[in-house]
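As structure tokens, the structure follows; a few thoughts come after it.
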Amino acid sequence: MDSHATAIEPADVHESHEHPAYLRHHFETPEQQKEASAFGMWLFLLTEIMFFGGLFAAYLIYRNWYYPAFVAGSNTLKISLGTVNTGVLIGSSFTMAMGVWCAEMRKKSGLVLCLLLTMALGLVFLGVKYFEYKEKFELHHVPGADFSIEKFIHPDDPAKNPPLGPDMAAKTQVYFSLYFAMTGMHALHMIIGISILVFLVVRARQGAYINGYVQPIEYFGLYWHFVDIVWIFLFPLLYLINRHPGR
Amino acid sequence: MHIISPVLWEFLIRWLTNFALFPPEASTVAPQTDALYLFLVFISVIGCGIVTLLVVGFSIMFRHDRNPEATQIEGSTLLEATWTLIPLVLFMVVFVWGAVLYFRIYNPPKNAMNIYVVGKQWMWKAEHPGGQHEINGLHIPTGRPIQLTMISQDVFHSFSIPAFRVKREVIPGRYTTVWFEATQPGTYHLFCTQYCGTKHSAMIGDIVVLKPEAYEAWIESSTSGTSLAQNGERIFAALGCNACHNGNPDSRGPSLANVYGSKLQLTNGSLITADDAFLRDTILNPSMHVTQGFAPIMPTYQGQVSEEGLIDLVEYIKGLHSNDRIQQTLNTTQVSPAQSGTTASKVPGTVNQ
Amino acid sequence: MSTIVRLPDQKVATLPKRTFLNSEYGLKSWLLTGDHKRIAILYLISITFFFFIGGAFAALIRLELLTPQPDLMASDTYNKMFTMHGIIMVFLFLVPSVPATIGNFVIPIMVGARDLAFPKINLLSWYLYIFAGCFTLSALVLGGVDSGWTFTTPLSTHYLNTHVVTAGLGVFIAGFSSIFTGLNFIVTIHRMRAPGMTWFRLPLFCWSHYAASILMVLGTPVLAISLVLVILERTIGIGVFDPAKGGDPILFQHLFWFYSHPAVYIMILPGMGVISEVISTFSRKRVFGYTAVAFSSVAIALFGFFVWAHHMLIMGISNYSALVFSLLTMLVAVPSAIKIFNWAATLYKGSITFETPMLYAFGFMGLFTIGGMTGVFLGSLGMDIQLTETYFIVAHFHFVMVGGMLMAFLAGVHFWWPKMTGRMYPEGLSKLAALVTFIGFILTFFPQFIVGYLGMPRRYHAYPPEFQVLNVLSTAGATVLGIGYLLPMLYLTWSLKYGAIAGENPWQATGLEWQIQSPPLTENFTVTPIVDYEAYDYEWLANKTKHEVTTVG
């Protein structure tokens, strides 16, 4: 794991050895810089896993304790919207990966297009989420003073959604709390990602990432894929609880 | 305590309590805690003593004036093993000893007299089974194991009696228990030891330990009229529990006679013991604790009964051995669950909706 | 008393012409710097500022506790005092103290690099710290927060109307500062070691910081999510900790302590790294059992993740959980014991001098041993029942944090002061300060063990009169301790202008940082070092100095 650097002479060093313009001078070689940056990004993603981990731990415990409430809560979410969002995110990961390829192939217009597509798909995801949240508000599924357990005690469709006792129905608040906390945190990470994408698009248009320095695109790609993977976990855990009872 | 002579031990404890270095030993478990404490102090003194001796000794022996040239020593696996294993062994001894003591303090004997404690910001409410209510204190007899079943009405508190060497967190939402047997009459401190807001340090009181005769006298003089179980019976009828839990063959709910302490098969497949926590939980969250063979139709009483009311109900069910009186109340009250709201609000322990 | 200090001839010595301090001038060059050394200085100034604020709260607490009655301030105010004292001291002082000041300064040089892996993230880390400090100060100015530094639910979520959210946000941001520092250290130590600098040639200071960084990176995010959930519950009513909504407040305890226990190892491990360096230098000897000490650091980090519920032993966790956590707590105590014995063994056949850093190191060894042993008291289940939530706990953690960590921090500041500033501090005054601190500390905190066993609960505004004598002793000690902390502030500042010129290696220590000028150049090294000797190689050093000509200016 040691770096194989040679000793450099002091003073008028800059002109004498060639190195890419993007080499930061505290690194000996571009390879060292690349390895360090990759390591740093993976480590950061590890911290994000620990961050979401707390929420997943809470979910694990409460689903175990209040399974019927979780089933009822999950059944109020629209699978169609969730599936669309899942597809949108997977698509955006694809466009992101294509962006990395374009950068490596030094195709500036391709890179810009892919980044813009990724951004657009991300915004579509957030748009769908906005509608889902709006619906939750209207149905009084947001925990707080306005929360209503009526539809869980007396559901419209008892064959598909068995009625809950009032005590178990009260526990649906925990489900929705976790729903909002988890998807909210996820959406926040998407918003941060999209903001960084804006910056990357601007820089890409200036020709920043097509001269061999693909690291920012690559490592942002890692972050974006991570956010996608979190959703891949959230989707079945939140949307798909016991959708086919008895099967 | 067979390691040092009982006389020496007694002398040590007296010296420590007289100089206010130890709280008085007023319970059966206190000497056991003190023994562990003194052992820990002993090994700490030895440990710190060794470290101090080494540091001071080596500093003097190998000071620069005396030893201008240091001898480079890489290490010694033997020494590493020694000072890894010896502390490990000592810590394991401490672990086992402490674990045994912990299990003793938190596993009450079967014949313990139960007192309920409700903690709230910023006072303690104790309820004896005979109905005596106390604020910020307890009167208890010597020589009888006493179990405290505790719950908080709001935030975390912690019930601590240093003289008995017991302490237990008091949390909202579920019962916690601790037990002790007092040995010496006297008055001892009661503290709340979990920070609970503004008047945390005012949530203190006195534990009054009385000789058995004095305790009986106190019981006589402070009876408030109804015992917890009697009040529980009243709530049981007022809330309409008797409509379903009446022991009739066609009743909608299981009979509660002798249910306390029995093993129940629930509809979710689990086999549980019906203890205080189970009873309280079922009243508040019935659909999660449906007995096998019954439909999940019991309504929840969350918000309709206070913690004290729940304690009364639990105490009542604990002592329920037959359904005769319930059958009688069925005939006299003729209350259906739908009407229970109106009469319930006048009974202490229920909550106005 | 002889000394190992060797300074250049003061009649002709000057500071080096070009250093990281004078390479650029102006506020912008400091506030937008990427130089790890400048960032370390920025941190040093900021954490000292917060230390004295936290210390002021401590003074007010001890003043109130002189009398059994709650007579100096209202109960709510007192509750805010100990809350703010805890938050500031834990999150704004202890966690960043050694890593962000000394670690930032010294680790790149120790591994032979020109800077940390991510200088911009390092600067960001400092700005996050400042934001966190601003949030905390604004919580203070707006009226304070009284949840305790532990933010226990449901008290913090539903029963307080103070600035819990502001303070929580402050801690949340401080957490990210910590994560980025740890991330930087891990990548630097992995990827930027100079040729020949293998893992086992690294100074033990680097091993300690590596272990602490793992804890920072893996543990802090869990604190972040706990605080986010508390803030959400307070603001928009999302309640996973609310029993009325089916939540469980014990879940908060698990999430909070899952970080906050490793946090104490985050706080102590860097200090232990300092002690390794100091003991080695002032005994002129390689640390005894280098490998054992290195692996002990990693073992503490690893085991530290598995003991969190020993903060919850009486809260109603199952008896069997309690058993597991108590057992693991006993195991985590062992590596610390190993280190203490290894340090003591380093003294054997050494050549020992008693400069100020060494005095602080001795203080550390004694006080940390007591603090650590009392940790074993608390890990023992039945014992914990009597001792938990009393002043015994307060005494325990002050012994390890203040008697341990703060002493190590002062040892480190004094040890690397000549490297950072190019100047020596006045030795006589510093020895006095060390002695005063040691005596003041024991007087302040030892009586608290006793009053704790007697049953005096912690966070109490008023107490039964029979505890007064011990409390008065404690307050008297706090006064002495305060003087002990004030003195270094004064003479270290004095030394910046009037201290003796230190030269490259006043302690004649090994380690790459002592082979370069004091203060160092911005780029640390003019030539990338090639390392072909072990850590703490005093024979190599003796050989080198024999053939060396001392240059000045």
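Think of it as A, B and C in the order they're written, each chain with its own count starting at 1.
In this text, a residue touches a chain if its C-beta (ideal position, glycine included) is under 8 Å from a C-beta of that chain, and two chains touch if they have at least 3 such contacts.
For clarity, every value in this text was computed on a predicted model and none was experimentally measured.
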item: Central chain (by mean CA position); value: C
item: Most widely separated chain from chain A, with each centre as the mean of CA atoms; value: B
item: Length of the line joining the C-alpha centres of chain A and chain B, rounded to whole Å; value: 46
item: Inter-centroid spacing, chain C versus chain B (mean Cα positions, whole Å); value: 37
item: Junction residues of chain A, two or more chains touched; value: 66, 170
item: Multi-chain contact sites of chain C, meaning residues that touch two or more partners; value: 248
item: Chain B-touching residues of chain C, taken from the complex the two chains share; value: 1-4, 70, 75-76, 79, 146, 148, 152, 154-155, 158-160, 243, 248-250, 283-286, 288-292, 313-316, 319, 322-323, 326-327, 330-331, 333-334, 337-338, 340-342, 344-345, 347-354, 362, 365-366, 369-370, 373-374, 376-377, 379-386, 388-390, 450, 453-455, 457-464, 466, 538-539
item: Contact footprint of chain C on chain B as seen in their complex; value: 20-23, 32-33, 36-37, 40, 43-44, 47-48, 51-52, 54-55, 58-59, 62-65, 67-76, 79-80, 83-84, 87-88, 91-92, 94-95, 97-107, 121, 154-156, 158, 160, 162-163, 165-169, 171-174, 176, 189, 191-202, 204
item: Chain A-facing residues of chain C, complex; value: 108, 113-119, 121, 179, 183-184, 186-188, 190-198, 217-222, 224-226, 228-229, 232, 236-240, 245-248, 251, 254-255, 258, 523, 526-528, 530
item: Of chain A, residues touching chain B in the complex; value: 66, 68, 164-168, 170
item: Residue ranges of chain B in contact with chain A within the complex; value: 284-288, 296-300, 302
